[in-house]
Structures are given as C-alpha cells and as structure tokens.
Amino acid sequence: MASRSLQLKILSAVAVFGAWQIAGMIPVSYAFPTFLESMSALGRMAVDGSLYQAYLETLKPLVVGVAISAFLGIGLGLWIGLSSKFDWLFSPIFIVMQAAPLAALIPLLVMAYGIGLTSKVFVVCIMAMPVIVLNTAGAVRNTPSSIKEMGRSFLGTDVDIILKIIIPAASPVIFSGLRLGISAGFIGAILAELKITPTGVGDIITYSRSIADYPSMYAAIFSIILLAVVFLNIVERLEAYLFEGNVRGYASD
Amino acid sequence: MTLFGYRLPGMSSLILWGLLWEIVGRSGMTFFIPPLSEVFLTLFEVIGTPPFLKALSETSYAFAAGVFFALVIGIPVGILMGKNRLVDELLLPWVNIFLSAPLTALVPVLMVLFGFGMRSIIITTTLFAIWIIILNARAGVMQINRSLVEMARSFGATPMVAFYKIYFWAALPEILGGVRIGVIRAVKGVIIGQLLISIVGFGALFELYANNFLMAHFWAVLVVLFALAFTVSEFLAYLERRVSYYAAKR
Amino acid sequence: MGSAQAAKINIALAETPSDELAAFFVALDRAKAAGLDYEWTAFSDEELAIQAVLSGQMDIGFGTPYAAMQRSKAPIRIVFQLSKLKFFPVTSKKYGKLEDLNGEPIMLHSRGGGTDSIANVIEDKLSIKFGDRSYVPGSSNRVAALMAGQTDATIVDLSNKNKLMKLASDRFNVLPMFEVDASDEALFANLDWIKKNENDVDIFVKALVSVWQDMAKDPTIISRETDPEGPIGQLPKEILGNLDEFYFDAVEGGLYDPNGGGRKAAMADLEWYSAAGQLDGDPSTLNIEDFWYLAPLDAATK
Amino acid sequence: MVMPQIKDPIGHLEMRAPPNAVVARGVSKTYGDVEALKNLSLEFPKGQLTSLLGPSGCGKTTLLKIIGGLLEPTAGEIEVNGTPVKGPGPDRAFVFQDFALLPWANVLRNVAFGLELRGAAKSEREAIAEKYIAEVGLSGFEKAFPHELSGGMRQRVGLARALSVDADVLLMDEPFSAVDEQTRRKFQEDLLRLVQNENKTFIFVTHSIEEAVYVSDQIAILLPRPSRVLEIIRPAIERNKNVDNIRRDPEYLDIVDKIWAALRSYVE
Amino acid sequence: MVMPQIKDPIGHLEMRAPPNAVVARGVSKTYGDVEALKNLSLEFPKGQLTSLLGPSGCGKTTLLKIIGGLLEPTAGEIEVNGTPVKGPGPDRAFVFQDFALLPWANVLRNVAFGLELRGAAKSEREAIAEKYIAEVGLSGFEKAFPHELSGGMRQRVGLARALSVDADVLLMDEPFSAVDEQTRRKFQEDLLRLVQNENKTFIFVTHSIEEAVYVSDQIAILLPRPSRVLEIIRPAIERNKNVDNIRRDPEYLDIVDKIWAALRSYVE
C-alpha cells in the first residue's frame, strides 16, 4: 500500500513536471523556461553556492518571525482561550488582523522600521500570528469539558490541567494553526523580499527577472516552494512525535 | 465578558482600541499614524470619488470572480477526493503543497502563464482561496457517517441523489468553514495580486498614497478594506453557526 | 491583429499614474484625438512591463529593456526616450561630494536597476568604490529611510529630491553629478508588432514629440491639458497641486529630451548600460539598429 | 411493493410450516484479514421474529447488512422471497444500530426520508410519516431536530422511518439499545403486537438474552468470529399469559439460563 | 490516603448500623432555567453499594458530580466522611458516563493518569495501573490508544483508572452501559466481590432495574426532574445462593416488579 501511494505520487509528479517541460518547449512565452532548464539553473546555483547564501538571508527573518509568532501566538492564544476578559480585549484585534489584507501595510512598516531585519520579521509576524492565535484560542475553548472535569476530579492543579489536558487536547488544532501560520509566514517573507528590499531568494527572483535570466528565476521559485513543503513536513513530524495519539489515519479505512 | 452585570457585545473592545489609536495619533508620535478621527474625515471625503469607486468595483470584480471559481472548482473536487481514493492519492500531495507554498513566489509565474491583467489577479485570488476549500470539503466528506450513506442506499438512493441529499449536506459545516478561511485568504490574494501584478484597484490606491505620504488617505482605504473583509468573514461565520447545530452530532 | 485601426494597442506602464506620468497622459490624449485607440495597464515594476511585452501580452511598454533585448530571443526595439536618467545622489550633511562616498554604504533601488547602474558608473568614472549597497525600491521609500536616519546616502529621482529639499534642506545635501544622457524610461515594443502597426506607432510617437516640445516651451501646458476625468485628473489634490512645479523643475533639470532621444540617446544608452553591466560586449561593436527602431521618431521630428 | 412469490425453498433443509422469507446459504465475509462470517447458513421464516444473539464483534451487523444488500458476501448467497439479493431493495427496510438520522432534517422529514427516496409525493409521504411518528410515541416532536432528542427518541425516529416504507422484511440492528429500561419494555410489547398483527418478517439483533427470549419466535446463537450458528432455539413461550408474569415463568427462565450457559464460555 | 474519621452523622435522620460515608442534605441544583435537583436528601452507608435509578435526564449524573465536588449545588450540602465537600478530593474517584479518556494517551497512561495527577512516581504508578488493567481484562492492550478500542473496552479503561487511585468512595456513572450483556454479567459479579472484600463505598448509576437489584445494598429511586427521592429500597438478597439461582429467586423478582411498577407510571 505504501509503495502504491509512492508510485502515485511519482506518477503525478511526472505528469506535472512533464506538462511544465512541454509548455516550456512550445514555448507558451519567451519568459517561460522548460523544467529541465530551470533544474539545471537550480543545480548551477546550488553548485556555486549562491543558493545557500540566498537562503541564509531569507531564512533569517522567516525563522525569527515564525519563532516569535509561534511562541507569542500560542501563548496569547492560550491566554485568550482561558480568560474571558482577555478574549474580549484581544480577539477582535486578531479577527480583524486575520481578515485584513495586511500586505498593504508593508509600505508603512518600511517607513516605521526601515528596511532591515525588523520590518521583515514584522511582515512575517503579522501574516503568521493571527491564525496561530485564533486557532489556539478556539481549541482551548473547545477542550471537551468532560476530560477537564476528569482532571479536576483526580485532583489535577490548574497548571496540571493546562499542561496535561488542555494543551494536548488542543494540539491538533494548534498544529494546524501553526501549519497555516508558517505557510503565511513564508508568504510574508517572500512578500517582504519582493516589496521591501530584494535580498535572499526574493533577490534572485527579482534580479534574474531584471536580467531576463528566467530559468534562474523559476529555479528560485521552485526551491522556495520546496523549502516550504519540507518545513511543513518537519512540523508534521514534530506533531506526530510529540502527540502520537493524535495521528489516527484515514477515517474511512 | 461582563461589566457591572452587563454583557458587553463581542466586538465592543474595538472601541477601546480605536480610542488608543486616536490618542497615539494625536500625540504625534509618528507621522504615519494620523488620528483616527482624521482618517474618518478623509474617508468620507474619498469614498464617493470616482477613483475610489473604480478601485472598489475593480477589486470586488476580481474578488468575486476569484472566489466564484474557487467555490465552483474547489467544492466538487474536494468532495470527489473524499469519495474516491485514487483521485485523492493523485491530488492530495499537490493540494497540500499549494496550501503551504508561498503563493507570492508563484505570482511571477502566473503572470507569464496567464497574462498581466485582471485574469492573473483573478487566478491569484482563486489560488489563495481554493486549496483550503478543497481540503475542508474533502475532510467533511471523509468524516461522513458511513451509515448515513448506507441508509440512503438501503432506501434505494442513486449515487447522484446520495450526492446532493447526503454528501453535500453532511459535509456542509466543513465546507462552510473552508469557504470562510478561503474567502479571508482571497481578500489577501486579491490585494497581493493588485500589488504584485498590475497595479489596479485598491492596490493602486495604496501604492499612490504610500508613495506620496498621504497617510490619512492610506488608512482610510485600509479601514474600508478591513471593514469589508471583516463583514464578509463574519457573514460566513454566521452561516457556519447556522449549521453548527448538527456539526458535532453527525 | 492585422489592421492597425481595428485593435486597441495595449500599453504597459511601469508604475501607477502619478505626477511623473502627467505629460505622457497628455500625449496619449493628443494621440487619441489623432485616431489612436489604446488601453493602459500599470505594472508594479519595469521588469514586469518588459516581461509583458516580451511575452506578447502587451504591445508597447515602459522601461529600459537592454538586458532583455540582448538575452531573450524576442526582437524588442525602443522607439522613444521618455525620460533621462536624472537621478541625484542625496546624503546627510556628513558628505559634501561624491568622492566622500568612497567605501561608504549606499541605498539603491534594486540590483541591476537604474540607480544601481548609476552607482556603477560613478564608481567607474571617479575610481571610487561604494561600501555595502542596500536596496529599497521606490525613491519615496528611500527618502523616508533617509529622513528616518536609516541611511546616510542614496540616489533618488528629481521629484523626490525636490520634496526632500523642501522638507529638510538643512539636514541633507544634493551632491553635484556629471550629466547623463542615457534613458531612464523609454517606450519599446516588439519589432514584428511595430512593423504590423506602423501607423499607430507613428501617431503615438508624433503625439509624444509634440507634447515634449510644447512642454519644453511652457511646462504649464501639462496641467492645463490634463483631462480632469482622466487618471491624472483624478489624483488627490495634494498631488495635482504640485504639477506645474514638478514640470518646471523637470524641464529646467533636463529630464525630458524634446527630440525623444534618438541616435544620441541610443549611443549614450549603449555606453551607459555596458558600463553598468547590463549589456555584454564592447559598446562600440554594438549596433544601434539592434536596440532602437528609429523610423517613427525620424518621421515625427523631421 | 414486491409481492412474495410463494417460495420454493430448495428442500435440502427440513421443511417447516411457514415458508422462509429470507434464506442465507453458506455466507462468508472477510474484511481484509478479518474473517467476520464463515460459511453461515440460516433461515428466517415468514411472519416471524428471529433474533441474532452473540458476543460483541461476532458479525451480527455484518450479516444484517449482507441481507440488506449493503455489503457483498465474500462467498455464499442470500435469497429474499425466493429471489437472490443483488443489492438493496424495496422489500427490506433497515433500522440502524447508530440510528443514521439526517442531522439537518427534522423528525418529520427524517421519518419520511425513506419514502422521499422512493419518490413518494410530499403530501402522501408526510401523511404516512405522521402516522408512524404517532405510533412510536413522538407526536408533537415532528418539527424537532435529532440533536434535540434524547438517544431513545432518536432510535424511535429510525424505527418509524423503517416502518413507514412498509417493507416485507425488517432488519433491526439493536433497535432498543439506547432507550432506557423503562421505555424499552414498552417497546418490546409494541414489537410483539406488530409481529402478531402484520405479516412481516423481523430480523432482530440484541445483546440482551432476556429480550431475545421474550420477543423472539426463533433465536440464532452465533459463535465469535469467524461466526457460525451454534444453535437455534425456538422459545415458544405462551405470550397470552399476563405480561408481567412471563418474566417469572420457569420455562422462560430455563431458556434464558440455557442460552446464558451456551454464551458464557466465550466471556472468560 | 485520607483515613475516614469515624463520622458524626448529625443525628436528625434515623441512625443505622453502618455509619454513612456520604450524606446529601437538601441539595438543589438549577442549570439556568432547568431545575435538575430539588431539595434532595440521601445517605450512603459506608462499605455498601447504593444505586441511583430513575428515568433519563432526571439528574443522576448531576447528583454524582455534586458529590464528586465537580459541581456546586445551588443549595444544600454534601458531607463525605463527616467533612463538607468543597471540591474534588482524594477520598472520591469518578467513573465517567462518557469515559473521559485522553485520546492522545495509551491505555497504560490513561489508567495511570489519576495517579500521575496525584504525583506518584512513574514506575510506581505504572505498576499499579498494570495490575488494574489486568483486573478489567485488558492485559495486552496497554499500548493501544482509545480510538483502537471498542466502546466496552474504553469503559473498562475508565473503570481501571478510578480503581487505581484507591479512593474510599467510588462514584460510578453507568459504568457498564457500553459493554455487552455477557461481559456485563461478569463485571456485576466482580463488582459484588469488590464490595464484599474492600471496605469501599460505591455510588452506582444504572438504567437497568435487574442490575440495580442484583448488585445493590440500597436502591434510591428518583423522580423525574426536578429530582427528589421517591423511595429507598434495600433488596437484601441472599447472595450466597448460587449466582445463577438468584435471578429466579422470587424475592428478587418481586423487588424488580415493585420497582418496575413504581417507575412505570413515568414511561407513559
């Protein structure tokens, strides 16, 4: 069964990349390279090291921003979920933030915090944080009351109940918020590099576009998507490792 | 939250935050946060002008079209994935990739493939919204109570009848949840599209006001946008609550 | 798209319509009066406009696509120089002349962009070397950064230089610069398309030349001819009010060549963009005809 | 409604007075590796109530679903009124162990849903549904939604739905498991009346030995997985005695004890 | 473990031989508009098993939770071993109607969870948990997660968890509802042995009259909402008769019938 699903994955990957290759060969546009051209550009950048350098740049705001959003977001979310005063005060802010197109705020951030790491971290945070906070708060609020009661009846302290019952019970939703948050963080990081200062991968994209080196541009785009997927897989593994009972497989199987 | 025995309505704390904004604005701390009152004055000044109306209509058109395609494609695909294992296994990895991929990086590719006008903006919007809609519809179908389906079969329902009498309704709470998140993402998508592809609609206004340091104008448009996004999302949340009575009991 | 009269031509702008584009829109109005049917789209930057023309989705675009002309397989040609590279090194009071910037950090628009090439040529001509280059797209953003003290040296365009000097001339210097004739923005299109639409291109270039020449005599015609219902006329009054001032400064500063550039500009471009690193090869061996299509301009200025 | 052809029970099993409504012949069912049923043969006489009794997970639901045409047996075949079962049919109605109510529809629509799927007109099916809602004691709850009902009430909705399509064979999977003891007893008596008054065949799954002995004409005791029939018992209790007294009838108690002894060995 | 102080049952109610482990005095409870309990008084003698019997929704769970200290009564008070209840305490353990297992923890951790919250060392609590897992017949499932167990098995995990903390008073809310009849009978017998051998007090909610009569020292019959005590019955069955015979003991059957008659009026 595992090999069947792997085969299907390979099959669908071949189909998609094949379509890309063919579209590039027609070509649909002068600015659309083939799959193989892009991959060789990727190989070239990987060999000459420019790719790693770029990622060093890109990952800085991303990792810092995601780490801040995760800790602050989960912390705030717990607090909002546990205290109705806090809920009243803060959740509207995050609801507005989640709904609003914050990309439009980027020019303001540049004016306020300049073009350095701070602004970029900020962009990552405002993209990633709301969904993390709201998911965490919702999950905490929805912890089944029966297991909370159980914890109380067996004399759990408040801290026990938060650590041993509420957090594990909320963890699937917290993690799905984390996944959405990280993906939003990636969007923010790239947006920052496209709209604030072109550094890192964003720089490869804009620079190769400005010198019409399209294979490199596509290679950079390809690599960042790959990175996002790898990043999220790591988060998934982490969840499976921390809360193995949460992984329950296909409902239909 | 209750105060002196009165239940404060859910969003009333926004008034408090508005006051804080006004104070920060009046203190003149930074030029890019003008007082809220000034923002509202500018808002009334701007709101009837042709450029604003044009931006509004352009943006709503792109948004509506993008969301429409996301719904019309996303929901059936999601339901199909939930029902059919082969389709699911073929598509699921891609759906997951696109859900988590930084779509902003893909925007340049879209421009090449689909042109630089409204079409790309609509597609960007669709791409922001569609994946979570697919995933949620799929999750909704996958957790359908098998015996509901068996019940329908035992009373002689054809697959088509089962589809619209059972599957759709049973998955509706998840579908609506996905649509709400998808629509919120679509608002971001349409603005990002307008900023990164061709500068039209609200994207153009933002660019113009930011470049010329017209902060009150900038915030005024932003407030309008916040309010619109918020209204849409609350409306969908309301629909979701309408069906939530059976969500936990299926 | 056979006949020239039937189809609208698609113009790819590289920025949103604002004061700097007022003259261009006046020319568009005149061209329309002469029978040109057009539609414009604003892109967020020059590279996108170039890409749009390259892929055939737009007919005529804004920018200086020299790198694309040399590297891509598409025959792109420039037909008109819209503005010259009039950029101004502005610094805090720390620096008095360009040589002072040797080894100092500087903030530019984008890697490989216009201000980047200016910096390259400055290094070349004065045999200095800038320190770290950081990139912030948008002159206005760089002005904001300068005012906020996040950088001490940057290169900005004319209107932002003026804004800055008006706001805080006591804190900043504009460093003296050598004359540059190379293009900042030019109008370009695919040669095949130009050949098929000679008539439209002629009308368009003629209108541009007439406006550029009238403007050189009297900059206020721009504000007077601006259509109040058009994209420029609809700008907030805060911007519209400064139109005359902007064009006085621009004409005085030599931002616009009344003759649309032509051979002189082409030569200057080849030299400049070679030095800036966007073109490969010795500029003297490069052929102007590979980059410019001069027939419409010749016809309009003769 | 399909009318029963007057059977031709291929006479390799002893002939009995009432013809068989349902016959299972050599039915096996495996789920992946799990062998749920193995070569099970069983006959269900027409107009009678047959109980299936056996430990949890022994395959009772599986057998019922195969009869209902919802599952394909791995081997063997089912005949209903003489014709082999190919899929669900209008001659059989199912009462589901987990009720299977539409949570978005009210009681009236849920009860009428079987008729709705069979294409009955709205007014007609609602009239029929009303009648059966009253019969299971839910009058006044027509507009209530399933989540507003207690477990026992929900189960009655599923019962009413199955009754309303007027099928020959009723397949009931633990139909009284969620109702409290008090209500359950009333239902058992209602069920006995139904068996007596209508010429329907009931196949009834339960965990309660007492219940099985009390309501059944015939009890099939199933062995744990893979399931075969251990024994068939025909309680033959005199039901015209006072209902309250049946439960202390020594005959009744003997049967209960006999079944209990047979099953007991599988508990430890 | 807290040792019971030898009571001082404020003697306004008749004195009985065994001291009372739990006393409820004039307990009322309203949820918003719903009046669940009204001025309910009840005594639970030490070392005995008391059943609460009553229609669904009559407030049995509510009373149990108030005794457990999980809910505050609106009026009245509870005393456990002579001290008023202020909240949950180590002298009481709860078996929840909906099991209340941690879905992310395996059986071993779930059973040991009560001890974990009381701060027992890992090795110690797992040894105790192992013992009770074996006692409820789940040996071999220590590493399984709740979603891999059948309903009955889950309920037994909750039972083992409550037993493992070794509390004086066990509050059991329909502890056998999800296990099949066969297993249930075995559990009833295990329960009887527990009551006999350990000096614990059991408060037991059930829907089954037979079960209540069979296992209880004392049965409290509750009226529907707002709940008061209708009657207290002390079955006093001779349990040293052969277990199988008890069920046909006329005395036993009389009590069942008496309760049935008392409850019956609330069914129709």
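The letters A, B, C, D and E name the chains in turn, as written, and every chain counts its residues from 1.
Assume a contact is a pair of C-beta atoms (placed from the backbone, for glycine too) under 8 Å apart; a residue touches a chain by one contact, two chains touch by 3 or more.
Being a predicted model, the structure only gives us computed values, none of them experimental.
Can you tell me the least number of steps between subunit A and subunit D, where a step is a move to a chain it touches?
The least step count works out to 2.
Select, from A-B and A-C, the pair of chains that is joined by more C-beta pairs in contact.
Most C-beta pairs in contact, of the two: A-B.
Need the most distant chain from subunit E, centre defined as the mean of C-alpha atoms.
Chain centre farthest from subunit E's centre: C.
Please report how many Å separate the Cα centroid of subunit A from that of subunit C, as a whole number.
The computed centroid separation for subunit A versus subunit C comes out at 38 Å.
Taking each chain's centre as its mean C-alpha position, how far apart are subunit B and subunit D in Å?
That pair's centroid distance is 49 Å.
I'd like the Å distance between the centres of subunit C and subunit D, where a centre is the mean of that chain's Cα atoms.
For subunit C versus subunit D, the centre distance works out to 84 Å.
What are the residue numbers in subunit E that touch two or more other chains?
Residues of subunit E never touch two or more of the other chains.
For subunit C, what residues touch not just one other chain but two or more?
51, 55, 144
Listing for subunit B: what residues touch at least two other chains?
Correct list: 112, 195-196, 207, 210-211.
Chain pairs in touch?
Going through each pair of chains, those in contact are A-B, A-C, A-E, B-C, B-D, D-E.
Quick check on the complex: what are the subunit D residues that touch subunit E?
Those in contact with subunit E are residues 55-57, 150-152, 180-183, 185-186, 207-210, 244, 247-248, 250, 253, 256-257, 260, 263-264, 266-268.
Sort out for me which residues of subunit C touch subunit A in the complex.
Residues of subunit C touching subunit A: 46-47, 50-51, 54-56, 67-68, 71-74, 107, 110-113, 134-137, 141, 144-145, 148, 150, 278.
Can you check the complex and tell me which residues of subunit B touch subunit D?
Residues in contact with subunit D: 145, 147-148, 150-157, 161, 165-166, 169-170, 172, 243, 245-246, 249-250.
Under the definition above, what is the set of subunit A residues touching subunit C in their complex?
The touching residues are 29-32, 107, 110-111, 114-116, 195-199, 203, 206-207, 209-213.
Where on subunit B is subunit C touching in the complex?
49-51, 111-112, 115-117, 195-200, 204, 207-214, 217
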